[in-house]
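Single-structure report; data block below.
Chain nomenclature is as follows: A, B, C and D, assigned in order of appearance, with residue numbering initiated at 1 for each chain independently.
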C-alpha cells in the first residue's frame, strides 16, 4: 500500500523505514531537505513540498503527519486539507490532544476528508520492536488503512497469549494495535497510557531511592546495607511481580552507571501527563498517584521552590527555627 | 504552687517565667550554669544538680522535665526516678513519642511515682500568648497539677466561645489545656496536632507558589499577573475561610520579605510528622495529605534525588530523551 | 452610593442588606419575584427585569451580578451589555473562571463598558463578618467603587495588625479587600484561596480521623485511647499552631455531633479546586497536597472505584488473594 | 541436596515440589497432617514434629521455614534453635520484617547457627515460573545453599539479556536470585519490591479508571468514548512502555470480566507496603507515590471515613452547603 508521510524525524523516518521493509511504498516530505534525501536513498519517493506529495499519491490518498503537536501539526493539516480531495485521509500520528482530534475530525468531515488519530508508543525502539498503536477514526477508513497498521505493529511475537481471551475478541489487539473508537479515541487512550507510565516510573524511582540511600551516612552504621542496585534490577526481571519493560530499561541504565552520575535529575514532562490529570478532573476520577508523579517532575526541575521557602518562613515565625543549609 | 523544672532553654525558661509571673515558685536546674543563674536573678531558686533540686521541693514533689526528646529526657527521668519518693510526679513537657510515655508511665508506677506527659504548642510565643497543652496521666495527678496548667495556658482570652458547646463540657479546653487521657495521650494528641500543622503549612506553601509564579517568564506575557503576595496574605486574614495563625505568620514574613529571599527552602522536620504517619499506618487511616506534606520537606533538603535521576535514565532508555539542565 | 444587584440568593441578598445597613441604595432584580419582594420590604428598590434595573440607575451605572458561574452569569452579562452605556460598569461577584473574566473584560471594553471581577469569601457569615474580597479590574473603576467595597469588607476589626507591615502598604488589605490586578486577577486569587482551603480542610480531616480511630476495635486494647475530639478541637483554638477559622467551625460541629453521624461523608467540590490544579499545571508548580485534597473528595463520593476493583483483580492474579468484604 | 521444609501451604508446598522436580530431597513438616501426607505421596519424607525433622537431616542441616511472618515464624525458629547444632542453618522464606532478621541473625550466631532470609516473589506462579529470590546472610552459607536457590529460581529463560551488563557481574542475578547482603538484606530488598508493586498497581488502577469512566453518564454525551478496556490492556502488552507482568494479569482479568463486577474493591495490604514507608521515613526519602498507593488501599476498605464527614461538616459550617447523598 502507498502512504504519504510528512515529518521525517526519528519517529516519522522510522515509520517510513518499517513500512518499506514490509513492502509498502512511501512518498515523503520534511522541511529539512537532508531528511528527505536520506530516506530517498533508502527507497522512498522524496518530494519538495506538500503539493508534490499530494500529486505523488494515488486516490484515495492517505497522508501520515508525524510532527510536533500544536502549531506544526495544525498548520500542516490545514494546508493539506486545501490540497486533498474528497475521500482522502489525513492521519495524525503525533501527540495531539484528543479534543483537537475531535474538532478536526468534524471540520475535515465537512470537506469530505477522513481523519484518523494514532497514538503511538514505542519511541526509539519502534523500528525494531514495532509500534503499539491506538487508533481513532471511522470504521471504514481505519479498515482501509489496516495493511499499514499491521506492518507497523509489533505483531504477536513471543509474548504469551492472554489466558481466557475470547476467540471472538478483536485480533488486532494481540498484534499490537487497536481501533479505540471515533476520532480522538486513539490519542485519548495513548494519553492515559502515558499517565500510567509516569506513575510506574515514579514507583520505581522512589523504590530505588530507598535502596540506594540504605547505605547513607545519615543512618547509623549498623543499619546500613550496601546494596547492588544493578543486580537488584536484574534479578527482578525474572519471576518477580514488578517485571516490566521499564524495569528492563532500568537494568540497562544501572548496568553501566549504577550511581546514575550521568544524570542531573531534571525531568521533563510532555503534555500527556498534564492532560491525563485534566481528563480525570473532568470525570471526577481520583488520581492521586498519577498527579503526584507529574508534580514530582515539576519539582525535579527546581533547586528550591517558593513554597519551600514559605515553609521555612513559617517555621521561623512560630518556633524561631533557623534553616540548616542544603547539603 | 511549687514546681521543679529541668531544662531552661527557650521553652523551659519561659515556662518558669510564666509560672513566676502567676505567683508560683520554681526550683530550676540546667547543666548550663548561665541559664540557672539567669533565672535565679528573675526569682527562681537555682540549683546545681538533680539531688539539690529534689531536696529543694516539698512533698509530694512535681518536676517538669523540658529537654530534647530521646536520650536527654530518658536519662534524666531515669536519674530522677532514683531520687524521688512515692507520690512524687515527673512531668515530661518535651516532644516524646507517646509509646515511650506509655512505657515510662508503667515503669514509674511500679516505683510509686506518677508520670504526666504534656504536649505543648506555642513555641516562642508561649510566654506571651500562653501554652496550649495536651496532657496525659492519671486523673488525680493531673488534677493536683491544675494550678500549674491553668497558669501556663492561654485562657479564654478574646477568642469567641464555641457556639453550642455544652455547659457540661470540660471547661479546661476553653482555657487552652485538656486532660486527653492516660499517660501517652497528651503526646499522642500533640503529635497529631503537628501532623495537621504540616498539612496546613504545605497547603499555604503550594497556593502561594502558584500566586508567585503567575508572573513567571514561562507564561505567555498576556497570561501573567504580577500579584502582591504580602497584600494577599493580609487580606485573607479578615473574613476569609483560610484565616489562621499560620496565615498571620505568613503575612508577617511577606510584609518584609515578599520574595522570601532570606530563605533557601531547606525545610526540617521533627519526629512528630513521621510518627503521625506511623500511627496512621497502625490504624489503617488514609493520610495522603499529611504524608505528602512530610515528603515535600524531605525533598526540599536535596538538590536532586537518586529517584529523579532514574526517571531521566528511563526516559533516555525508551525515548532517547536527553535532559535539559536545571535552571 | 447606588448599586444595581442581579441575583438575590443567599450571597446577593446579603450583599444588598450589608450595603443598605451602611447607607447605600440598591436597585435589585432576581427572576424569583419573592426574593425581589422580600428585599424591597427591607428598603431596596425592586425591579421586574434588567431593562427596569438599568433605567433605575444613575450614570455611570454599576451593576453587581451575583449568579451561578457559567451560563447564568454569561447570559446575564451579555444581556446587560446591550442595555448599558459607555462608562457603566459590570461587576461579577460570582465564582467565574478567571480566564472568562479576561475574555469578558476585553469584549466589554470594546463597547466602552468596564468590567470588575470580585472573588468573595465569607459565605453565609458575610452579612455578619463582612466579605473578604479580591478584586480585578482597571484602577479607576475599582477606585470609583471603593465605597461599596469598603462597606462590604470586614474592616480591621479585632484582628491584630501585622507586625512590620509597611506604612506605605495598601491600606485596603487590612480592611479585608484588595485590588489584585487587571480583570481576572480577583477571581484568580480567590481560586487559589479555595485551593488552599481544600488542603487545610483535608489536613484537619486526616488528623481527626487518626484521633477518632485511636479507639478502634482494630487496635489491641492496650494501644487504644478514647479521645474527646470536641475537647481537642476546642483546646487547639487557643495558643496552638493550627488555630484557624476552619478549626473554629470544626469545634462548632463537634460540640454537638462528635461522631459526625449527621454526615455521610459525600463531599462536593466546586470549580475552584479543579481550576487551581489546572493553573498549577500551566505554571509547572508542584501541588501534590492541593491535588490530593481534591481527589479525596472525588473518592468520597463513591462506594468503591473501578480502580480499586482492578487492584483486587491483580492481587488475585499474582497471589490468589481473595478479597475480604468491606466492613 | 537435602532440605528440611516447615510449612507446606501454597508457598512451602510448591517450593518442595520444585526442589524435588530438580532432584533434591526434602524432609517436610506441617502441623496440618494432610499437607504432610500429600507431599509424602509426591516423594518427600514427611515427619510428625520438629524433632523428627531435625533427626531426618544430615549435618550440616538446612531448614527452610515457610510460615506466616510474626509469631508463627518466630516461635518455630526459637524451637528449632534448641534442636539444631552448630553449623546448621535456618532459612526464613516468609515475609519477615528485615529488622527481625537482623536481630535473629545475631542471636542465632551466638549459638553457632547460621541464619538466611529469603524474600521470595512469584506467588502462585512460582512452581511453574520459578521464584525470584532476594537473599540475606553470610557469604559461605548462601554459597553452600546455592544448589537450592539455583533450582528454585526462574533461570535466564527467554528474557533477553541486559545490554551492557558486565561479564564480571554476579551471574546469579540473571538466573533470578541474588545475595543482597548480610541477614536482613534479602527481606529489605523484597520489601521495597512490594512497595514498588503497590505504586505500579495503583498507576494502572487510576489509568483504567479514567478509561472506564470516559463513558460515564456524568459526561456530556458528545464527550464520551465507549472504550474496550480488555482490548486496551491487550494492545499495551506489545510494544508499549507500560508492558509488564502486572499488565498481563490485568489483561487476563479483563478478558473475562471487563466490568470487574466480580470484585467489590476492598483491597488488602500486607506488611511490606507499610514497612517500605517506615524505611523511607528513617532514611528521609520522599515517597509520595508509594505512600499514596498504600493509603488508597486503606481508603478502599471503608464506605466513608470520619475525615470525609468532617469535610462535609466544615463545608456546612462556612457555606451552609448540604451534602448530596452518595450515588
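Heads up, the rule we're going with is that a contact is a pair of C-beta atoms (placed from the backbone, for glycine too) under 8 Å apart; a residue touches a chain by one contact, two chains touch by 3 or more.
Since the structure is predicted, the reported quantities are computational estimates derived from the model, not experimental observations.
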Review point. Centre-to-centre on C-alpha atoms, which chain is most distant from chain A?
Key: B
Check your understanding: How would the chain A/chain B interface be labelled, same or different, where same requires over half of its residue numbers to be shared?
Key -> same
Check your understanding: If you average the Cα atoms of chain B and of chain D to get two centres, how far apart are those centres in Å?
Key -> 39
Practice item. Determine the centre-to-centre distance between chain A and chain B, using the mean Cα coordinates as centres, and give it in whole Å. Key: 47
Study note, to complete from the structure: Note: chain C sits from chain B at a C-alpha centroid distance in Å of 31
Check your understanding: Which parts of chain D, given as residue numbers and ranges, touch two or more other chains?
Key -> 123, 125, 202, 204, 206, 208-209, 213, 241, 245-246, 252, 280, 284-288, 292, 296, 299, 301, 305, 307, 318
Practice item. Specify the contact topology among the chains shown, as one of line, ring, star, complete or other. Key: complete
Study note, to complete from the structure: In the complex, the residues of chain A that touch chain C are 241, 274, 277-278, 281, 284-288, 291-292, 294-296, 298-299, 301, 305, 307, 318
Point to revise | In the complex with chain C, residue positions of chain D that touch it | key: 10, 123-125, 201-202, 204-206, 208-209, 212-213, 245-246, 249-250, 252-254, 257, 260, 262-268, 288, 292, 296-297, 299-321, 323-327
Point to revise | chain B to chain C touching residues, read off their complex | key: 121-123, 125-126, 129-134, 153-160, 162-166, 169-170, 172-178, 180-182, 184-185, 188-189, 192-200, 202-204, 206-211, 213-214, 216, 218-219, 223, 225-228, 230-232, 234-248, 251-252, 255-256, 276, 279-280, 282-290, 292-293, 296
